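Got a structure for you, questions after.
To keep things simple, chains are lettered A, B, C, D and E as they appear, and every chain counts its residues starting from 1.
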């Protein structure tokens, strides 16, 4: 085993997951200006939805993931309708607080239904071990990387090349303005939340097999996702992807060459340093 | 030698292990302490995590307590100084937060006038020890932290055994079987830290080398591969792991994926059979592991009935936290009998050891040899090893 | 073509419009005059579906449209260039214009034609195609807003104070453009402070005070009205 | 005596608070009230920077922990006399607040919230990981109770209650004086528009820093009181969830209002206690309640009451304005 | 010169919004800055008032170099400004808006607030008196206790003036004070500006309403594409070919319109 190569691949794996979560967050946070602290809960629900579809309904892995996308996307849409849409004209502080309320609710709900214990999820890809270039991995890990990249490319194309995608961006910049162009702003907001929830579900669905499913699983991921969104520039899709990988690599290499205990701090220190030097974030646009 | 060997565990801050089919932590435990007619009632308090991340663990402890109380009450209670008494459990939720425990204990003392309170975590114990002597309430603390009995608090009873007993035999076995290079990858819980601090020096004293030392945070590390890769980088013979069974299983199987062929020294919180379960039957993963014998693998006269009753009631195997709490209730009742007193915490405390030895044979879940001066309970232990895919129990003095 | 009958609109307790009745016929250029806060924008917002009438009836080509969401009305042919412009500040000029054609995006040829026309009317927009709307100066933004509203090829164009904050030279141009748009067959409803310039190109007009129509008439009548002269045209 | 008149309601409550220990000797009630008072002090700190100055901070559980750990370590490890340690704990927190504020306040809006969230998390990780100093996950035991001041000792629950109450009253008086003075107006101006505040000559960075530092002082002070009251501390007091709890207290009571922090903390702490039996289900209710509150009563209970009062007044004014409206055009000049 | 810029330049990325501009503002006079949209007028204000850092060039005020000063320091020196879009604390009363305007002339800090020192009491009284004074000056006394969000556009403009005046400035920069105000009310604003000058203030404004400018300005500076293309008295400007070409246009319509 070549430690450096192995750690680089580990960074790639974890970076893929980070990027996916951060993407969902950046869509809502950057584009609709809602800092959705409940995004971590969506990720967590995604993990449970996948797992439960497999264990309770006996669905195959990919179908289970698809169900999870629908479930979590649906929850996200409900959030938008019932909560964030109502808070459209409130000061930003209120979105954050409402999101925290949602987070507490979802976490508790899952705990009440399925308990607080750790669960593991195994997939057809969990046990296949592949070795190449001094790296040893399961096919699940390759799946993580490949799936993440495919999803990201698809999303980017959707936003850039389709008018519906552009309407997401337009409406984020001026809701009424978008209305007046014939864009059904409500539908777009719902779509955005759906995509965001779907991304969280995919991230959880591909990551859970190499980790665990439990009610708190979203906490740290979400904190890091916020860091990524800020590092990469709010609302910037490429920024979120890049930021996710930067973080993934710095963690796996940091744990190896600096300190394992403090590897979780890396993300936060990175953010603090970046905002210290550039208070508007790395890719900030000119102020007006 | 001791015939009862089982898990001791302290799940500070992390949910305790349990199979996927275990009862959910959120389900409220029905404490059906229907009091026997014509008896006096003794309120017994409990403050533990019944919601939040620790709810699963807290409810398991509660299961043990309420099972014992129900049995006692159904039998018509117990007699102290000519009067018949039965137990009533008043349980409060503290979400693992020490200040909440403090509030709960004060409430239990004020509103229910309890002589005895179970607190299944050290933070809560510490917060309560500040005033429990003054308020004359006896703490039954399920925490392996030595400090809680070393502080000189006269009204504390430490229920779980200390883990130091395991360290030497585990190390000896693994050194002999796999070699002397040890990599340590414990969970960064209080219990994991304690273990690592005791194991490291002991291993080196026995002539081994600790070649890697770090810890995993199950609740926060997104991926264990990075840490496992580093732990394996220097080619250890033995890997020290542990914590709740599921994440431990995850770490162990990932170590195998990454080509580790040595043995696992498993901290006593995780159970080998559960790990095997979690992995869906993976004999090559757990081969060469040494750990604590799970309660269900160590059935004897003292716990047979309990284990089967528990399985029937909760559709799950009892963990040590349930077993110890169950046992404790019986010890408590006997201690009250011996003291001839149901209210005086000091008197009860003084008669705990006596009570322990009065408990019926078929309620002695573990082989406990006594309760010390300082309130610590001493359990005789055994270990479980995996040889050729089979879990085997080994006495320490083999 | 467009008829309002006894329309009232409230913001909370406050009645911003009371019993407004007015009409706009195909091909006309009608101007709404009124002081600040009189309710001009509220009329526009209600017609284009951003506000809901509390009472009364709005008809567009014979169909009632009170309470129909704005996004549907764009497709029905009502274009609104709002007060405050409501551009997409982080999109560039050409993207903003492209968004303007959202409702008619399937007709690629027509979109290209209209774009051509907008660029001819406002050459500065073509020059600044790649500049983000937010970085444009106020006047440039106003031109972009008008251009964007034209992109959907509306039959009725609502222009809410298009000359606000514009340089005189540009004001002149804007009014020329409005007139040209109108001559091209688009019906225009225009709200203005700049009464003189507006009336010059208008067919008819309404004067609003405090949410009520106080005067209405054709260009000559309004020019001749002393109260109107005094309050809106000055000296 | 207009001072008394204007503050009649709070003074009545103060009176009630003063007699509580005299009418009950239920230690549990006192314990809960004392805890609620301690948290209130920290929330008052948050309210100053988040409610009045408009910068949503998510680091204050961290500052609370810094105060608590400073006091704990100074009394347990260094054996510093209690009140000196108390003072030092406040100073240490304030200095930490100053240093962090200097950097954090360069960021704005969401950036500031996320930045402080991360700072809070870093504080948590440091406490958690640096076990040589902080005891790590094991926490810190054996913290001293407040030392005697002359003949008054703080061993009993009653004396602790009065001590904390005294600190709370001082905190409220402090906040009242600050927010109702020019200094408070300056903070509110920054909340309303930082840009405009600058153009009218306010050094916004300096003022925000001032507000932030004061707020961390109170968080630290509350932490120190907490440590010596509970006498055991663990890293969880600095965890994000504690932060979210604090935020809940503030929002429920009413952010940017004078008595919001007290009302919110008191209400939630007592409600949590009386809903004990619901265990996990409590949060199933609290979560949605938080959401509904933010939607329908964005300024919490206190803000809601104020709004209701304002509405009544508005209706009155509306009537008067209608009568006068016919003659309200300006002639220019004065 | 009272305020003077030399070679003042402000670039946003590749765009030079203000390009090597020399402007002089004379004490006690009304100076108007005109120019087409995007000419850089607002940017010029922003740079002078310390809102944007200067790219190149210097600004002096009363002989003192203020090029590097931050906005709040510039305000303290006696330069006040309003914004093109009214920028007020909408949720506060007109009075409260104006009271803080005087904050920069007060010194009370936290300790004064805690000890309720005589200084604080005096300064609070002064701030209130100042607010009442400037509200009277701009003719808003009656509106003093209404929420800003409830008053008319024109009243907001006056309130913005009042906030600026409460800072005790020597010079006020007004960015399109009459935009969105009808002709009748515009006359009121003109009177107000005359009154300011009569009270010893220096006024510098940006406007598109030519009639108004020609009526009140003592001196006019014309910007186009960031550069100064002309300056002089209203008559000179009105007859300046370059200005007509770039800005005023041939027709009389625009000038008459206002």
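Going forward, a residue touches a chain if its C-beta (ideal position, glycine included) is under 8 Å from a C-beta of that chain, and two chains touch if they have at least 3 such contacts.
Small disclaimer: the values here were computed from a predicted structure and weren't measured.
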- Query: From chain D, what is the lowest number of touch steps before chain E is reached?
  - Reply: 1
- Query: Stepping chain to touching chain, what's the minimum from chain B to chain D?
  - Reply: 1
- Most distant chain from chain A by Cα centroid: E
- Message: Applying the document's contact definition, name the chain pair with more C-beta pairs in contact, C-E or A-B.
- Response: A-B
- Item | Centre-of-Cα separation between chain D and chain C, whole angstrom | 50
- Task: Averaged over CA atoms, how far is the centre of chain A from the centre of chain B? Could you give it in whole Å?
- Result: 37
- Message: With centres defined as the mean C-alpha position, give me the chain A-chain D separation in Å.
- Response: 32
- So how far apart, in whole Å, are chain B and chain C when each is placed at the average of its C-alpha atoms? 75
- Which chain A residues sit where two or more other chains touch them? 108, 111-112, 219, 261, 264, 286
- Sites on chain D at which at least two other chains make contact: 129, 280, 283
- Item | Residues of chain E touching at least two other chains | 12, 154, 184-185, 187
- Using the touch rule from the top, collect the residues of chain A that touch chain D in their complex. 29, 33, 35, 83, 86-87, 90-94, 96-98, 100-109, 111-112, 219, 223, 226-227, 230, 234, 261-262, 264-265, 268-269, 271-272, 275-276, 279-281
- Note on the structure: As the complex stands, chain A meets chain C at residues 163, 166-167, 169-170, 173-174, 176-185, 285-286, 288
- Query: Inside the complex, what are the residues of chain A that reach chain B?
  - Reply: 1, 3, 6-7, 10-11, 13-14, 17-18, 55, 108, 111-120, 122, 129, 136-138, 141, 207, 210-212, 214-216, 219-221, 224, 251-252, 255-256, 260-261, 263-264
- Note on the structure: As the complex stands, chain D meets chain A at residues 50, 56, 103-104, 106-111, 113-115, 117-119, 121-122, 125-126, 129, 240, 244, 247-248, 251, 255, 280-281, 283-284, 286-291, 294-295, 298
- Hey, which residues of chain B end up touching chain A in the complex? 15-18, 20, 22-27, 51-57, 188, 214-215, 217-227, 229-230, 232-233, 244, 246-247, 249-250, 254, 257-259, 278, 280
